[in-house]
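What follows is a pair of complexes built around chain A, which joins chain B in one and chain C in the other.
Here is the complex of A and B:
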């Protein structure tokens, strides 16, 4: 079963208290942030702190990603030189716009790995799409390398790039969301939705997460630990859904043995895609079948 | 190594430590002032850690002030490393 990425919690890279407690919040994945959450004159400080934390702190079974600065900034190369040798589970690359810059990133990462005798197949890359150009190129970005195992949308930067208001209903970035999901699905990788910035609006978060789930996102970025449980609830199948999935798998096995591919449960047709969805439901509920 | 300038790293937030470094002239030695919210329990360890890191960078003449708010070891090491590289003018990839 793949690693679940229902929630990816941003942790500011220069905040020792949050960095040391990262593993206890219950998120599926942590994003130790060296980019937007760090002041320009504290980049060295955050990088050194994250390095020492990765060397010493246990994050239990939580996936650990580090968001580095873009290679066009004075910080990106040094971030990679410091973080790649520590081999977190993933590197998140912001503002990915073209395959050319993704290739440059991977070349740099692999040359650092060569220098340290590290394999090229352990640490993955999450490409963050935050500009209109990135959205236009997302399919090529998603399929470029096997190391890219997730595509994420950065809603704040995308609306700024498009010079539109970041409306609460998400209408401005709806096309981008769907293009990103489609590119990820076409390449069998994860699609992670953008953050919900109003931490006090729990109902708004629930509605937005339900929408993200409905259109195909695998999970959602989180800016406050309070948001984790709500997103997990949305992504956890209900008891009724689990019972129905069990029935489908059971009936499918029975019919398969009898040589029947399509059958009905409660008057509704069940064929291969329905069985695949039932399997996905049981996977999400972490139930073996 | 000879420190080039005054430098600081860290904050006064809980779980952090503020390190301030001032170069001293040759043969003045180390003047270290540590205060901590957990001085009774961890003061000796903190002092040993500070001296070990200064040894690692071969810094002999320094006035160092550490104000600890219950930082863990990796944070203390990180803040010392940051303050020292800044004081040595060896910091990389930052706008400082």
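Here is the complex of A and C:
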């Protein structure tokens, strides 16, 4: 079973307390941020801090990603030179727009890995789509390298890039969301939804997460630990869903032995895709079948 | 001499006499009575229609004939909003009274101004359940010749019964009172809710003064303090600042860390075997402790479980749970805001209780003895599960014993909730500076980095593990914390003892030594 990425918790790279505590909140994945969360005059200190934290703090079994600055900035290369040798689980690359720049990124990462005698298959890359151009190229980006194992959407930047003013209902980026999910699924990798910015609106978060789940996102980025449990609840199958999935698997096995591929439960057709969904439900609930 | 938890205790303190070492959390209770004899309360008399009203606090104090070496007792229901204690002491100082023993149920930042009276010898001895602010710092540095005694809320009642605290005078601020001295905290502009801590003082003090900023027509009801114990009544403009009376600790925290700890603690409680119909429950105010109530409330609704009673310090959050029918009764020894006062006044299932009924170990059933689950905080906890709630990381007195050891002793499940470290200060440590609550009465520690069950309770650990709750050894957690924050340099103390920590049964569980100057 693949690592679950229901939640990815953003942690500003220049905040020692939050970096220190990142592993305790039960997020599936942590995102130590050197990019937008860090002011220009703090870039170097954040880089040093994240480096030392990666060397000294246990994040238990949580996946750890580091978001580096873009290669167009004065900080991108140094970020990579500092972070790549430490081999976190993943590097997140912001504002990915073209395959060309993704190739450049991977070349740099691999040359650093060569220098340190590190393998090329351990640390993965998350490509973050935050512009209209990136959305248009997302399928090629998702397909380009086996190292890319997740595509994420940066809703705030994308909204700005598209000059959308009144964006609260998310309708402006709805097509982008769906294109990103489609590109990710077509390449069998994860798609992570954007953050929900109002940390006090628990109901709003729940609704948006339910929507993200419905259209196929694997999980959602998180800006406050308080959001984690709500997202996990949405992504955790209910008891009724689990019971039904069990029944489907059981009936499927029985029918399969009798040579029947399509059958009905409670008057509803069950065929191979329904069985696949049932398996996915049990996987999410971490139940063996 | 060494006590049962291996802490060095002096044999004797001059002004107190022989000290009895701590023998174990329940050792002294096993006999069924205590060897110390209760002292009789005073027998007083008033002539028919004799007036009790005095024009000023000074006039009332003068009538009580204050003497050098007297003991003044006081309640702390007004918390940080208290205006009366400092005034009372300044009057006594003005009258030239020296060598006062101050026995307030607690002392906090609103009493910082008392410092000068510690310096000039007006106050020379202190008994209290807690000392915060400037007084705590000064006492830790050795300002008093005699060590202060820190007792629990239940232990205070025992200390008065046995004559260790001999109240000559008590001054009782009340949110409402009548001319005979019937008094309550439940209504008035300075309403502070329960007046439960003052009941023992009213019963035992040779002289009792009720001070109110809300003199009402006779009789003042509900009657928290009864007229037959009261000598004098004073009306003042204000007994305190109501905005500071509400402690601000009644809202659920938004700190992700506290919420995380609280959620883990609620999971522990849920699977402890005690989360069943009719269970009783107590939480502290503020931080992770109160937040445990938030998650327990959700779980009770989800599982349709109704509890019996909530006990102790009552917050508006407890009142909401009572009103929702989640608990049948609130037993309120101390309340925290105006909303609580309203409930105390109007809801017959919200019951004011005195400290004796709350937690005095030496009677036939204090309510902490009937408690199923309590969630408590800690300043420090060590690998023997001993808890410090009195001294801070610099060795200074800055906290309160309160009902910590009382409830831990009584509850079937004592859950300590705290972060494993704060800033760079380890909270889970090899040895706490000061033991207030003995580890044997703590069942489980819940921190953000792990849940540790006291090895004395293996069945609980098995039960939790079976429910899928992971636990770790407290020594492992301590090591993990040590790796993150590093080992602190030990605090330098002198040999002078500045405080005695009295366990609820009157034995001495630990001492506080003077912090050495740099």
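Worth a mention:
Quick note on the criterion: the second predicted complex is superposed on the first by the 288 of 289 C-alpha atoms of A that agree within 3 Å, B and C clash if a C-alpha of one lies under 4 Å from a C-alpha of the other, contacts with A are read in each partner's own complex, and residues count from 1 in each chain.
The rule we apply is simple: a contact is a pair of C-beta atoms (placed from the backbone, for glycine too) under 8 Å apart; a residue touches a chain by one contact, two chains touch by 3 or more.
Please read all numbers here as calculations on a predicted model, not as lab measurements.
Using the contact criterion defined above for the overlaid structures, shared-chain residue A:202 touches neither chain B nor chain C, since it reaches no partner. In the superposition on chain A, A:226 contacts chain C only, with no contact to chain B.
Shared-chain residue A:75: touches chain B; no touch with chain C. In the superposed pair of complexes, A:20 makes contact with chain B and with chain C alike.
Using the contact criterion defined above for the overlaid structures, shared-chain residue A:57 touches chain B and also reaches chain C.
When the shared chain is aligned, chain B comes close enough to touch A:42, but chain C does not.
With both complexes superposed, B is the one of chain B and chain C in contact with more chain A residues. According to the touch criterion, the shared surface of chain A, contacted by chain B in one complex and chain C in the other, consists of residues 17, 20, 56-57. If you check the complex, the residues on chain A that touch chain C are 17, 20-21, 24-26, 56-58, 224-226, 229. Contact residues of chain C toward chain A in the complex are 254, 256-257, 259-260, 263, 423, 448-449, 480, 484.
Of all residues in chain A, only 15-17, 20, 40-45, 47-49, 51-53, 55-57, 74-79 touch chain B in the complex they form. Every residue of chain B that touches chain A in the complex is listed here, in rising order: 9-10, 13-16, 71-75, 77-79, 81-82, 85-86, 91-96.
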